[in-house]
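Okay, got some structures for you below.
In the two complexes that follow, subunit A is the common piece, with subunit B as its partner first and subunit C second.
On to the complex of A and B.
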């Protein structure tokens, strides 16, 4: 399947979804006005990937700031990954956050509590 | 589907299906029980999502408020700095005006002094000229003049 790479802008994060290299990352800032429009491609890609995933999928999230609508889209991504996990695939979500950013740590904890998938909090 | 609804597309679709099922009303008790169980499950899930999103939105608002307060403080500090700079500028402008006036006065005095020097130089040249003339070209009259001055004649 084709890899998906979206370069970052001042309002959208960098997205690397590379099944060949096993790199799945969303990093940067996410404050687009049309979050669903931006994340549609990501969700579609994961949906396609989930049909025949790698032995292990480690998905890295390292966001410095994101708006509420992006948060809902992130939850949709997590749900897809959770579904993969429930279908017997090995999936790990790594939530990287600035060690000084308590809010981002708390957000990670919120997601962790909400999901039934290995969810690691990684302070950096 | 509006933008607001598209963020909850799955939930909206589920709700629509549940409503259609309720309107049909042809299900068995067991089917109703299952559908109701699923509805509860979805409702719980949605409630958790809403709780998370509400919490995050509150955090973001708090961050924004903090940023707004900091901006307000910086704005005040900048305003007071600008006021100080404006006062400093006014003082400097006054000083420049004063210095310009002093310079004009100095130029006037220099001009007067230059004129006086020119007059003195002209007088001196005249005296020296006359002296040299009588000394070299009209020596007799010079001797008579010196004798007259000394009272020898």
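On to the complex of A and C.
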């Protein structure tokens, strides 16, 4: 399938979804007014990918900031990954955060508690 | 021109670092965020405090952007609705404060007030719970926001939200919201 790369802007993160290299990343800041509009492509891509994923999918998230409308979209992404996991595929979500950013650590823990998929907190 | 100095003194007295009155667009929100972020950066504010202020600012500004009720045109010959609002950021000795002001339809006041009171009554743990309930609940509101903004503001602020509804006429009121972020890092 085609790779999806979205370059970052001051309000949207960098997205790399590359099934050839096995790279799945969303990094930067995610504070768009229209988060649904931004994440639609990402969700569509993951939906398509989940039909025949690699033997292992490690999805990296490293967000400096995100707004509340993005938080719902992130949950939608996690839910898709969760479904892949439940369907027997190997999936790991890695939530990278600035080691002294307690808020971002807590947000990661909140998501972790809501999900039934390997979800690792990675302080950097 | 004689007013200029009194505006200046007034802003200084109230520790205002930024104030804007006018139409709120997505581009404007970007510009303000950029400017205030640079300012916080330049003044060497604590990183954690800076992040919280930025977060609260994003939610407050986008809240106004999504939810203000535009006033009908004042001039009968015009079709342009008045989408202006007030955005203000200040820094006091202990707190940063972020104030927004915009028109809302009077019909919306009871609901808004109930939500704000509920948030202000909630403990830290209850806010977290409320946030998760809405996050995992059903879909977005029709305006594309998750209804999470105010809860997130309250969680990041850690203080009660200040608010006021100032009657304008039989249809509209001016809604102001104040969020504070402590400059004193915890622990």
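We adopt the following convention: the second predicted complex is superposed on the first by the 124 of 124 C-alpha atoms of A that agree within 3 Å, B and C clash if a C-alpha of one lies under 4 Å from a C-alpha of the other, contacts with A are read in each partner's own complex, and residues count from 1 in each chain.
Throughout what follows, contacts are C-beta pairs under 8 Å (C-beta built on N, C-alpha and C of every residue); 3 or more make two chains touch, one makes a residue touch a chain.
All figures in this text were calculated on a predicted structure; none of them were measured in a lab.
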| item | value |
| --- | --- |
| Clash or fit, subunit B versus subunit C on superposed subunit A | clash |
| Contacts of A:103 with subunit B and subunit C, given as first, second, both or neither | both |
| Which of subunit B and subunit C A:52 touches, first, second, both or neither | neither |
| Touched partner set for A:34, first subunit B, second subunit C, both or neither | both |
| Subunit A residues contacted in one complex by subunit B, in the other by subunit C | 34-36, 67-69, 71-72, 75, 103, 110, 114 |
| In the complex, subunit C residues that touch subunit A | 26, 29-30, 33-34, 47-48, 51-52, 54-55, 58-59, 62, 65-66, 128, 131-132, 135-136, 140, 144-146, 148-149, 151-152, 156 |
| Complex interface listing, subunit B residues touching subunit A | 3, 6-8, 10, 48-49, 52-53, 55-57, 59-60, 63 |
| Interfacial residue positions of subunit A with respect to subunit B in the complex | 34-36, 67-69, 71-73, 75-76, 103, 106-107, 110-111, 114 |
| Subunit A to subunit C touching residues, read off their complex | 10-11, 31, 33-36, 65, 67-69, 71-72, 75, 100-103, 110, 114 |
